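Next come two complexes, and both contain subunit A; in the first it sits with subunit B, in the second with subunit C.
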Partner chain A sequence: MATELGPTPVKSPASGGTPVHHGPKGVGEDNKILSQGKWASWLLAPTVIALAMVIVYPIISAIVMSFQKDAGLDPVTGLFTAGGPAGVQNYVNWIAQQCAAPGGGTVACPPGTLGAQFWSATATTFLFTVITVTFETILGFWMAMIMARTFKGRSLVRAAVLVPWAIPTAVTAQLWLFIFAFEGIANNLFNASILWTGSEWPAKWAVIIADTWKTTPFMALLILAGLQMIPAEVYEAAKVDGATAWQRFRLITLPLVKPALMVAVLFRTLDALRMFDLPYILTGGANNTTTLSILVINQIRQGFNAAAALSTITFIIIFIVAFIFVRFLGANVVEQSGATGKGKK
Partner chain B sequence: MKSPKFLLPAAAAGVLALTLSACGGGGGTTGGGGGGDAEQGLDGRGPITYVQGKDNSNVVRPLVEKWNAAHPNEKVTFKEQTDQADQQHDDLVQNYQAKNANYDVASVDVVWTAEFAAKGWLQPLKDKMAVDTAGMLAPTVEAGSYKGTLYAAPVSSDGGILYYRKDLVPTAPTTWAEMMEMCSIAKANNIGCYSGQYKQYEGLTVNASEAINSFGGSVLDKDGKPSLNTPEAKEGLENLVKAFADGNIPKEAITYQEEESRRAFQDGNLLFHRNWPYVYNLATTEGSSKVKDVLGMTALPGKDGPGASSLGGHSAAISVYSKNKATAHDFVKFLVEEEQQKFFATQGSLAPVLGDLYEDKELVAKLPYLPVLKTSIENAVPRPVTPFYPAVTQAIQENSYAALKGEKSVEQALSDMQKSIETAGAGS
Partner chain C sequence: MSTGTALRAEQDRGRKASQNREKWAQGRTYISAAVILIWCLAPAYWMVVTAFREVGFTYDTSLLPTHVTLDNFITAFDTSFGNRFGQALINSIFIGVTVTVISLLIGVFAAYALARLNFRFKYLVLGFILGASMFPGVALITPLFQLFTNIGWMGTYQALIIPNISFVLPLTVYTMTSFFREMPWELEESARVDGCTQGQAFRKVIMPLAAPAIFTTAILAFISSWNEFLIASQLSSDATQPVTVAIASFAGAQPNQIPYTAIMAAGTIVTIPLVILVLVFQRKIVAGLTAGAVK
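On to the complex of A and B.
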């Protein structure tokens, strides 16, 4: 990514700018390009170093840690002792749901340990992702269609739609916690007595509803941006040809908005896969609403190295999902214009 | 034209230099702390830092000012953390791990003491560093100790209190069975009978341990090994499960944290309510409170007498990386002196650790719950003292939650707890 992006902004002003000043001298031009290239790499260096410090170093450090054992307790002194190298044991433990056994070796993790939650947390994370992204896409599309029309107070609607997105997630979660309390608004409104955060499916729906409420505006705005790229003439031509509203939507809007839509879905999916605040505050991870991120945070308090292994696993899972999106589903985050051209050929 | 071009990289380099120097500063401190042997700092005197969570009721600042006025060469700087316990814990862990010499004295929650001590981060308070614990309530000292050595001096304490409706309950119950019998009163008045906190979070560990300890069981034995497969533990946890099953604890209590349960009690929807002392002030002063004039308080009910409350509170611990341990030691002793303890109680409503203060007339007049709280703390059992506390509390929460909801038998829940705690202790 960096190599492709890097040279482009640097070269174009150079080749475009040089003839004006140094047109007559061919040799000077070459030198200029060379020195500008050097100059550019100096300019880029701070960014590259900063990125290396804040992104590359922590990732590598986490991966190194994940191959270390967590500190064990010396039974005589009662003090922790360094764990030493663990090989891939941390990874095996998570995936096979194995925990350390009292006499040495491992046993299947009993309920009540974090190790016993790996696969259920993975399933929960994907369940939340699929359902919330589906809802958010459908509702977001609908909201975007409304916002794309010209009507009185359109800017007001656009601003109002943004409100849920602007509220910090932790605050949103606290609001919904009040709404879903036993004597809260949700139960009062429907005259029900559901224990929203106290049983499995209501708890899951509570998280899904809150997340949909919060992030649909984000989808709506991204899709709206895509909708506004479609020239009005296309619709006019279709109308002249006698296309119905449904045909116009299916044959013009959908294909033309697809690149923007796929990027929006990709962003939301990656975001949803690392969902943390909402379930953490709403349910504390009870009733099978523990996501992978919650599991990582809980594990950090019990042992850094096992937590590093789990976060690496999470990283790989998210990476695979992103890869599938970009490679097979045609979500193009980087070279939008180039790729659409290719797609049309 | 050229000057802005030069400015940009200069600015970028400047930002980078700042970032780097910030990192370098941290690194330097680490090196210095690591180099100083623990023994070396014992006589060190000089400025120190006191680290504690958010000082909501403005107790720490006046005390620090008072200390600083008397010790101009050994000034204390107060470093305030957030008001979230989890964040305070993680902040302390990060700084201890970095061997930060500036975290001289820290306020440590009773449940963290064992973990920090086992990591070797806390200066044992013995020999030269000893703190006099003679006048302190025994459970608070126990909670500050690990393997028989005091690592953190108790500063404030906390215990559970049973609140009840004086207008409906003729005499306060002393045992669990008595309280359950009185639930007929609640039924006659069409309100819920009893509630503590049963959402799956730290509060559930508090309530489940209380149920188990009150009937003679215990989560961990003296050696720190789990001891949950006992008839006593079973009887204790079964009491809660039964109360949920027959409706003596209303079903919505499974979603209650402290505040939800307090509101239910204050709105007049509960006959009995287990909570911390902070409820007293709110329930007697808040305008919306329906129990203002009929609020009764007593010790938690147990098997044949007062039950075993879980212990809350904070202790002051000295970091092994501190360079001025003599000053730190003096400051810790200052915090537990009677005068300061009194100030904690009057200004911050923090329960003192000195037994005598619970009979102090002036204090009792201000905080009428003190006598009840003393019984509560005297009978209290610290939550499991173990360096694996996060794993232990996870095991208790998840399994007792399943049992309360009827998804698991009590035996199964206790045996799963036992096994989970065993694997945590097995280390890796």
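On to the complex of A and C.
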């Protein structure tokens, strides 16, 4: 993809090794790094300060908040109870699905309250993530393989896949709500009479289908970019050696596209774990389509501090998943996009 | 002689077989391409068809445009049911442009440093920025909700712009970093040899060359701000809500009837400019989208 951006004479795709753009090395290298370091810190300062203000500060204050009690009215006495330090009580309440009981202590949250939805929201979030990412990977891979071939109208296809990506998610949700309406086109085309947003599994499938439609193009483009890094000669050589199409796919395509694929899957997984817009608008979180993000948003108006605890739990879950990807599945994001780490591994 | 003919016939047959196989493969490619086209475009097409359909025929299921009208576009801008779509469009443009400009102004320097300079902790910074772009919006919303309530910023433009920077800025930095790494930096060296300072070389040589990369990044930044919903749905007021929020909560004349045709018209209005932008700059956009992930 990068080749479109102008002449880059010293580029060595996939052959590894050579860092491309480097100042002259040798004498004075240490000095150079030192002075560049000073330059770099000036240039990076605005970004780092801005991100510290808009990300690091809110996170820290969310964590601080999550250890505070929510002020509110005591359900029994009707008196205002002040906040104050809560220890890990907010976290325990979510995980054990406990709610504050009248007169102190906790009881199991009654069904239907937000507190009783933690595990079902977690399960829904993971269900959506696993199914959509699986579909998107398979479909995206297939689309990328098609788009990598040469045929008339290829640029039309490549342009078309950008359309779902460009439509705002809020619009996508309304569009699919209309498609899945009882008298809508989906029921009409498939001669069905399903109340798509009326019961659990149809509602879940509506979200899954809409999400897959919206985000498969992104996956396909990332995988396509990976496919295009594989030199054609490798395939030619394999053909000469008598490798079948399946062997070429399994032994050349898959391993060579794997780094790009892993990054694409990682990006999509983290994105799916924070899914909000689509179920929020499409189903309103009804029928067990409430994701963790929706639960946090619903909780905000009932108590900041409990919401902060839940958003911190969500953050930790996403962080753990990202860690597993990077550590055990070899998704090397920084290196993939790293300046000089090209081709290593 | 006869063996020669037989051999030639054999070769002909072989060639024909492989030609057939190629034709068959080509045919399958076209079928697959058609499936992709339909899958990607059919729902969008349905949105546009519905946008141009008379309200009374909302659930008409004929696939070709029928009962064509422009009324829905007028209804979309109608404020009598409490919708403020026109205002929301202005808000979205204002928020999007502000966020994009701020992110580019700040991010361009960081991208230059990350692409060009060698320094310690480079990967740490890069990792931090990438991590920031993957950050769940809900983790920010709770403290911001409380903070903005306390200082009276709820429903203001700055309350929408500042959180947007948290995910647009990282995107800007890492897209531009990958673009910058591919630029012909030898020219910078030449400018320095000719007596420019590093700052001058950056302004006079690199900036003009970097313009397409910066422009593409700006489009991506604007789109991601334009599409933002979560934060805006919580922190905006009726006066400052962006289009995504306006469309999600679009009300009709009857409270229990969703005005789909008007919503599809509104959806078409917010989508068409993006789709045109994306199609015109298709190659650059794809390069920008995949820049961070594949090198």
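Here is the rule we go by: the second predicted complex is superposed on the first by the 288 of 345 C-alpha atoms of A that agree within 3 Å, B and C clash if a C-alpha of one lies under 4 Å from a C-alpha of the other, contacts with A are read in each partner's own complex, and residues count from 1 in each chain.
Following the convention adopted for this analysis, a contact is a pair of C-beta atoms (placed from the backbone, for glycine too) under 8 Å apart; a residue touches a chain by one contact, two chains touch by 3 or more.
Just so it is clear, the structure is predicted and the values come from calculations on it, not from any experiment.
Applying the stated clash criterion after superposition on subunit A shows that subunit B and subunit C collide. In the overlay built on the shared chain, the residue A:G198 is in contact with subunit B alone; subunit C does not reach it.
Contact with subunit C, but none with subunit B, is seen for A:I146 once the two complexes are overlaid on the shared chain.
Of the two partner chains, subunit C is the only one touched by A:I318; subunit B is not. When the shared chain is aligned, subunit B comes close enough to touch A:V107, but subunit C does not. Once chain A of one complex is fitted onto chain A of the other, the partner contacts of A:A50 extend to both subunit B and subunit C. In the superposition on chain A, A:T289 contacts neither subunit B nor subunit C. Number of subunit A residues touched is higher for C, counting subunit B against subunit C. Contact with subunit C, but none with subunit B, is seen for A:P217 once the two complexes are overlaid on the shared chain. Look at A:A181: by the touch rule set out above, it reaches both subunit B and subunit C. On subunit A, the surface touched by subunit B in one complex and the surface touched by subunit C in the other have residues 42-43, 46-47, 50, 53, 181, 183, 300 in common. Across the complex, subunit B meets subunit A through its residues 8-9, 12-13, 15-16, 19, 86, 89-90, 117-120, 146-147, 199-201, 251-252, 254-255, 260, 387-388, 390-391, 394-396, 398-399, 401-402, 405, 416-417, 419-420, 422-428. Residues 26, 29-30, 32-33, 36-37, 39-41, 43-44, 46-47, 50, 59, 61, 106-107, 109-110, 112-120, 122-123, 125-132, 134-147, 162-163, 165-166, 169-170, 173-174, 177-179, 181-185, 189, 198, 209, 212-213, 223, 226-227, 229-230, 233-234, 243-245, 247-248, 250, 258, 260, 263-264, 267, 270-271, 274-275, 277-279, 282-287, 289-295 of subunit C are the ones that touch subunit A when the two sit in their complex. Those residues of subunit A that touch subunit B in the complex are listed here as 42-43, 46-47, 49-50, 53, 69-73, 78-80, 83, 86, 89, 93, 99-104, 107, 109-115, 181-183, 193, 195-199, 283-287, 298, 300-303, 306. The touching residues of subunit A, when paired with subunit C in their complex, are 1-2, 4-9, 20-23, 32-33, 36-37, 39-44, 46-48, 50-51, 53-55, 57-59, 61-62, 65, 142-143, 146-147, 149, 151, 153-171, 173-179, 181, 183-185, 188-189, 213, 217-218, 221-222, 224-226, 229, 259-260, 263-264, 267, 270-271, 273-274, 276-277, 280-281, 292-293, 296-297, 300, 304, 307-308, 311-312, 314-315, 318, 322, 333-334, 336-339, 342.
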